[in-house]
Amino acid sequence: MTERNIRVEALDRPAVDDQTVEIVERKGIGHPDSLCDGIAESVSRALAAAYLDRVGTILHYNTDETQLVAGNAAPAFGGGEMIEPIYILIVGRATSEYQGTKIPTEPIALRAARQYLDAHVPHLDVGTDVILDAKLGEGSGDLQDVFDDGSVPMANDTSFGVGHAPLSETEEIVLNTERRLNGEYAADNPELGADIKVMGKREGDRIDVTVAAAMIDAHIESLDAYTDAVDGVREYVTDLAREYTDREVEVRVNTADDYDEGSIYLTTTGTSAEQGDDGSVGRGNRANGLITPNRSMSMEATSGKNPVNHIGKLYNLLSTEIAESVVGEVDGIRDLRVRLVSRIGQPVDQPHVADVHVSTESGVAVGDVESEVGRIVDRELADLSDVTRRAVDGEITTF
Amino acid sequence: MTERNIRVEALDRPAVDDQTVEIVERKGIGHPDSLCDGIAESVSRALAAAYLDRVGTILHYNTDETQLVAGNAAPAFGGGEMIEPIYILIVGRATSEYQGTKIPTEPIALRAARQYLDAHVPHLDVGTDVILDAKLGEGSGDLQDVFDDGSVPMANDTSFGVGHAPLSETEEIVLNTERRLNGEYAADNPELGADIKVMGKREGDRIDVTVAAAMIDAHIESLDAYTDAVDGVREYVTDLAREYTDREVEVRVNTADDYDEGSIYLTTTGTSAEQGDDGSVGRGNRANGLITPNRSMSMEATSGKNPVNHIGKLYNLLSTEIAESVVGEVDGIRDLRVRLVSRIGQPVDQPHVADVHVSTESGVAVGDVESEVGRIVDRELADLSDVTRRAVDGEITTF
Amino acid sequence: MTERNIRVEALDRPAVDDQTVEIVERKGIGHPDSLCDGIAESVSRALAAAYLDRVGTILHYNTDETQLVAGNAAPAFGGGEMIEPIYILIVGRATSEYQGTKIPTEPIALRAARQYLDAHVPHLDVGTDVILDAKLGEGSGDLQDVFDDGSVPMANDTSFGVGHAPLSETEEIVLNTERRLNGEYAADNPELGADIKVMGKREGDRIDVTVAAAMIDAHIESLDAYTDAVDGVREYVTDLAREYTDREVEVRVNTADDYDEGSIYLTTTGTSAEQGDDGSVGRGNRANGLITPNRSMSMEATSGKNPVNHIGKLYNLLSTEIAESVVGEVDGIRDLRVRLVSRIGQPVDQPHVADVHVSTESGVAVGDVESEVGRIVDRELADLSDVTRRAVDGEITTF
Amino acid sequence: MTERNIRVEALDRPAVDDQTVEIVERKGIGHPDSLCDGIAESVSRALAAAYLDRVGTILHYNTDETQLVAGNAAPAFGGGEMIEPIYILIVGRATSEYQGTKIPTEPIALRAARQYLDAHVPHLDVGTDVILDAKLGEGSGDLQDVFDDGSVPMANDTSFGVGHAPLSETEEIVLNTERRLNGEYAADNPELGADIKVMGKREGDRIDVTVAAAMIDAHIESLDAYTDAVDGVREYVTDLAREYTDREVEVRVNTADDYDEGSIYLTTTGTSAEQGDDGSVGRGNRANGLITPNRSMSMEATSGKNPVNHIGKLYNLLSTEIAESVVGEVDGIRDLRVRLVSRIGQPVDQPHVADVHVSTESGVAVGDVESEVGRIVDRELADLSDVTRRAVDGEITTF
C-alpha cells in the first residue's frame, strides 16, 4: 500500500449534512452547458470505439471543448418553431492517421453528436434547428504517442481529482429531482423539456429546492395547461424529496415566471439553448453530477477527455468511484473525501498523493476503518483500467 | 408591340451548327458547382414557398451564393468512406420579419439544402459527411420593399438576359448525355455517380464527347468492374449521340485515368466534392443548362435569385423561354437569339431592348417570320409573371 | 507551326463596333465580386511566391473560391460606421508540406488578403469591420505532383480560353471609366469609393454609360455635397468618354438614387459589401476586365487559379495576350478573336485547337495577315511560361 | 444589518495554511483558457463602455463564452512560425439596438479582442496567426430590459458567490510566481512567453512549485540558451517563494521536457494555443486568480459577464472584495470565507444569505470581531455598484 502513498485521516470539517448552510446545484441534461458536456463525452466515446475497432488501441484525442451558440425561437401554445438555428462547434484534438490507417475523426464526431441530440432533445431537429460544425485538429507532437503496449500510462500532467460519498440529503434530492424528472416523469408528462435546472439550498433543517423546468409548447395548449404542468412538477418533486429527508422541504418551480407579463418558461424544443442561452463544456456539473461549493471540487472538465491517459479525467472519475466503494463496503462512515494528485511521468496508478479524509459516525473511530479503507483505495487504483473501459462503454457518467 | 421595344433582325453570325469549331460543356448535377447551384435554387424555392404560405407574398431575398469547401475521402473497391466532411455555407439575403410575422429563414434554407442533397447525392450522409452552415442576412434597406400589390415590379438594376434556340446537335448531345446518364442510365447502373461532366467539341463534322463520370465504390468491386462501368458509359453515350446527329462522334470517358498508376475516378459518394473539388454558385452552366462559348452568354448567376424581381434571373429565364417558344411555333428557323436589356425603374415587362436575331433556313426570309416572332415575344413578356410562378414551383431549371 | 494546330480564318460575325447593339459591363475593384477576385488572386500570388521562396518550385494549389458575406452598416453624412462585420471565407486547395518543408498556407493567405483589402478598400478596418476566415484543404492526390522539372506541364483538363482585341469603343469607355475613376479621380476626390460598377450600352451610334459609384460618408457632409460628388463623376466620365469615341454619349450616375426618399448611394467604407451585397470569385469580370455578351466568353474563373498548370487560367490569359500582341504588331485588323482548347495529357503549349478569327479593315484580306498572325500565335504559345511568370509577379490582371 | 441577513460564525475547517495537504493552481494569462477569459472580459468592458457612451446606460449583454481552437506551429531555435492559425470564436449575447440607436456589437468585440491579444501575446500576429470570429446574438426577451433607473437591480437567478482572505502562503507563491514572471521578469527576459502555468502543492511544511513556462523561439538560439532560460525561471521563482514563506520550497520548471528526445517547451508565440491546446472561458482560474480545491469555489465563469446585473459575477467579485476588506481592516483573522447567495427577484444588495466564516488567530475569539466584520459586510453590500463600476473600468481582475 505504501507504494501508492495512500493516507487515511479524519476529515477536517463537519460532514456536509452537519454544516449550517449547504448549496447544491445540478444543470439537467438539456441545459446548454450539459448539452455540451454530453456531446463532448459522446464524441469521446465514439472516437475511442472507432480507434479500438480500426487500429485496436485508443489513440490520442481530447474532445472536451464543444461550444454552443444559442438560437432564437418563437414558442407558442400548441407548438411554435425555431427562428434561428443553434450553432454547435465541436472542438478538440484527435489523431486522424495511424500506421497508414485513416480515421474519419470529424464524421465520427458529427454522427455521435447528432445521435446524442436526437436521443436527448428529440424536439430539436438537428440539421434544421441546429447547425453542427466541427474543428478537430491534431494534438501536439509529444502527445501523439499511442497507448498500446498494455502497460499503465504515465501521467502527462500534474493534476488533481476529488470524489465524495455519500451524498448529503440535499445532494440526493437535487440529483434525483433532475434525473427522475427527466426519466419517469417526462415519460408520462411529455410537456416537460430536458432543460431542468435544480438548485438546493439548505439552512439548518430547512431545504429549499428551486426547479427551473423548460416546458415544451407542443404539449401546452394554454396558460392553464402551463400552470398545471408547473404544479405537477412541484408536487412530484415535493413527494420525491420526502424519500430522501425528514427535514422541512419547500419546492419552487419556475420562479422567474411572471404571469401578468406573460413571461413563462415555454420553449419549442425543451432547452433554453433555443433562445439566448449559450453553453460550453466543463462549466456545469462536476463528475458526480453536481455542483457542490460545500465540498472540494476540481475545475477539470471531465467530459470529452481521453479516458486512457487524461489524468484529470481519470482521477476525478476514480476518486468518486473509490468514495462510493468505500461507503458501500465499510460501515460507519458519515462523510468521506478522496483526493488523488498525480506527478508528471509517474504511472497513473501510483498517485503522488492519495489521501482519504473520513468523518465517521458516532461510536466509530477513524482508526477502526483505516486499514479497510486503505485496502479499497489500493484495489481500486490497481484496477484503474476498469475505469477507462467503463468510461469508453458509457457506463460512467461524467456530468 | 412598340411599347415593348421589340426588334427582329437577321442573326449576324452563322448558325452555331454551321460554325467550324464548336465547344459545349455541361457540369452534371453532382459537380460541386452544380451542387451549389442546386442548393441555391432549392433554398430560393423553399423561401418563396414559405413567404407565400406565411404572409401571402414573396418578400425580398436572394440566396445565390452557396460556397462548397471540398472534403476528403478514402474510396475503395466495394465501399470506402469520407475522411473529412464537405463544408457547405449557404449565403444570401432573406427577410426574416414582416408585419410582425417572423420567418425562420435559416432553418428553411438548411432543410431545403439537406433535402436537395439527400435527393440528388444519396450516398452523401448529410450531417456526417457534410457540414451544412448558413449565413443569411437582411438585404439593404431599399430592397426590403414588398412585391405584393399585384403590379408589375420595376427593374432594380440595368441587367441583361439572353436565350437561344434550338440547341445545336453538339448541345443536344452534351445536355442529354448528362441528363440521361443521371436519369435512366443511373437508375439501372447504380455505380454511376451524379458528378458527370460532359465536354463536347465539334470541328466541322466530327464531334468529340468527353465524359468524366464519378463511379461509386460501393458498387465497384474491382478494377475490372470499373473498366466495365467506364465501357458501359461509353457505349451508352455513343448510342445516345446517334439520336441527335449524323456526324461522326467519338466518345471518351474518364480520360484522366491512369490504370498503371492506379489512378481512376472512383468515389465514395459520387461527387468530386468529396475530395478536393470546391464549388460555388454561378460558376457553371448557364440558365439553359450549358456553357456555350459559341453563343452570347450572361454572367448572371440565375440559381438562387429571387424570381419575382431579380431582373437578371427573370430575363435569362424568359429569353430562353421565348427562344424555345418561337422555335416551337414558327417554322423555318435555324438559329435564334433573344436578348433582353432592362432599365432601372422601368417595369420588368417593358425591357429597354428586346431584340431577336434570327437565322432562317434556306428559302425563308427574316421578313417572313418577323411579325409572328414579334407577336410571340410580346405575348411572353406580357406573361412574365408566369415565369416567376414556374420558377417558384420548380418547373423551370436554372442550371 | 502545324504542330501547334494554329488556324487563322475570317471572323464569322461583324466586328463588335459594327454590331447594332452592344452591351459591356465592368464591376470595379470595390465590388463584392471583384473583392473576391482580388483576394483570390492575391492569395494565389502570395502562395506562388512562398513556394518559390521555400521549395524553389510552385506546388499545387488553387484558391479560386473566396466567398464574401455582406455586413451591415449605418452610413451617415460626415461619417457613419459598420454595425455588423463583413465575413470573408478564403477557400481552396494548397499543398502544405513538401519533402519535409511545411508551408503555412492559411497564414500566407490571410496576410495576403488583409494586405489586399488594406490597399484597395482602406476605409475597411480589416479585423474589426471584416472577419477573415480561411479553409484551405489539400488537393486530390493526383494533383499534388510538382511542376519542377522545367518541362512544359501537361493539361490536366479539357479546357477553353478565349481572348479578343482590340477593345471596342464602348469597351474602352467602360474599362477606363472604372480604372481612371478608381485611379486619378479618386486620388483627388476622396469621397469616391472603390465600388464602381459601369454598364455601357450602345445602340447604333449612341452610347449610354451608367455608373453606380459608392460615395464615402466621411467625405460627404450633406446631400448637397453628395449631389456635387455625383455631378463630378458624371462630368469626369463624360469628358473621358470623348477620348474614346465620336459617338453620342450619355452618362448617368447613381440612377437608383431617390432624393425624395432619402435613398442615396452613401457608404461608410466605399463598398456595397458593407450592406447586403454578397460576393464570390468568378462571377464578374472576365480575364480582360470586362463582361462582354457580344463576344465569346469563358466561364472559367481566372482569379486564384494556379498559373503554372491550370489550363483554364493559362489559356484565358494567353489568348488575351495573343490577341493584343497581334493587334499591336499587325496592321489592318478591326476585330480579332483567339480561342485555345486543350486536351488532357497534351503539353499545355500544344493546344488541341488554336484558332484565330480575324475581321480585317476594308482593303485588307485575311490572307494578307494570315502568316504573320500565325507566327505571333506560335511565338506566344512557345513563350507560355512567361505568362506564368508575369501572373506570379502580378503583372497581369485577371479580372 | 439584519435586512441584509448577515451572519458571522466560526470557520468549520482549519485555516488552509494549517491543513496537511494543499493544492493551488494558476493558469497564466497566456494559457488558452486564460486567453479566453481575458478576451471575454475585455469584450465585456468594451461593450459596457460603448453602451455608456452611446446610450448612457449599460444594456443587457453577456459575453462569457469565447472558444479557442488551437493552431499548429513549427517553433525553431532563433525563430519559427505558425503553420495553421488559431481560431477564436467570440460568443455571447449583446443588445444591438436601443431606442433607435444601433450598437455595432461585433465590431466592438472584435476590436477589443484584437487589442487584448496584441497587448498580452505580442508575438501572435492577429489576423495572420489568429482568425478572430464572432457570433453575438440577442438575449432572450425578458433579459433585454435596461438597467437605467438608478435603482438596485433585482437578482435574475438564484446564484452563489464565494470569496476568501487572506491568501495562504502557497497561494501567494503561486499567484505571484505567475504575475511577476509575466511582469518584471518577462520585461527583462523576452524569451519568456505569457503561457505560464503554476501548480503549487504543499504537504505539511514542504511546498512544491511546478512551473510550465512557454519559451519564445525568436529569443532562444540553442538548447543551451533554452536550459539557461529554464534555469533563470527556476532561480527567480525560488527566490520569489522565499518572500512568502519560511517553509521548504522546491521549484521545478518544464518538467515534461525530454532533452534526449528533443522535446522541450519551445514556442513561436509564447502560448501553447499555437499547437494543440484549445481553450475556453471559465475553465481556469476563479475570480481571485487561483484554482483552490482546498477552498469552496463557485463554478460560475466570472469573465465576460455583465457586471451590472449578473448576480454570479457580482457575488464572486464582491465576496472576494469583502474578504479582503475584512482582513485588511480587522486584526486577528487567520482565514475567512464569505458566501453570498441570491434569491430571484430580490435586490442584489440584499442577498438571501451573507455568511462569513472566520478562523481567528490564537487569542482572538470570533465574538471579538463579529460586529466589526458584520459592519464591513454591510458597508460593502451597500456599495455594490462600486464593484460594477470598477469591473467596467478594468480595476478588478476576474481570472
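Each chain carries a letter (A, B, C and D) given by its place in the written order, and its residues are counted from 1.
To be clear about the criterion, a residue touches a chain if its C-beta (ideal position, glycine included) is under 8 Å from a C-beta of that chain, and two chains touch if they have at least 3 such contacts.
Chain labels with UniProt names: A, B, C, D = S-adenosylmethionine synthase.
Computed from a prediction, not measured in an experiment: that's the story for all the values here.
Student: Quick check on the contact network: minimum steps from chain A to chain C?
Tutor: Each step joins two touching chains, and the minimum needed here is 2.
Student: Which chains are in contact with both chain A and chain B?
Tutor: Both chain A and chain B are touched by no common chain, going by the contact rule given at the top.
Student: How would the chain C/chain D interface be labelled, same or different, where same requires over half of its residue numbers to be shared?
Tutor: same
Student: Among the chains, which one keeps its Cα centre farthest from the Cα centre of chain D?
Tutor: Relative to chain D, the chain whose C-alpha centre sits farthest away is B.
Student: Just how far, in Å, is the C-alpha centre of chain C from the one of chain B?
Tutor: For chain B versus chain C, the centre distance works out to 24 Å.
Student: Can you give the whole-Å distance between the Cα centres of chain C and chain D?
Tutor: So the centroids are 51 Å from each other.
Student: Taking each chain's centre as the mean position of its Cα atoms, how many Å separate chain B from chain D?
Tutor: 56
Student: Spell out, as numbers or ranges, the residues of chain A touching 2 or more other chains.
Tutor: Expected reply: 84.
Student: If each chain is a node and each touching pair an edge, is that a line, ring, star, complete or other?
Tutor: ring
Student: Flag every residue of chain D that touches chain A in the complex, lowest number first.
Tutor: 9, 12-14, 19-21, 23, 25, 64-65, 67, 69-72, 84, 87, 89, 91-93, 135, 137-143, 156-158, 160, 162, 199, 201, 203, 210, 255-256, 258, 261, 263, 272, 275-284, 286, 291, 293-294, 296-299, 301, 339, 341, 344-345, 352-353, 355
Student: In the complex formed with chain B, which residues of chain A make contact?
Tutor: 74, 81-85, 96, 102-104, 106-107, 110-111, 114, 125-129, 131-134
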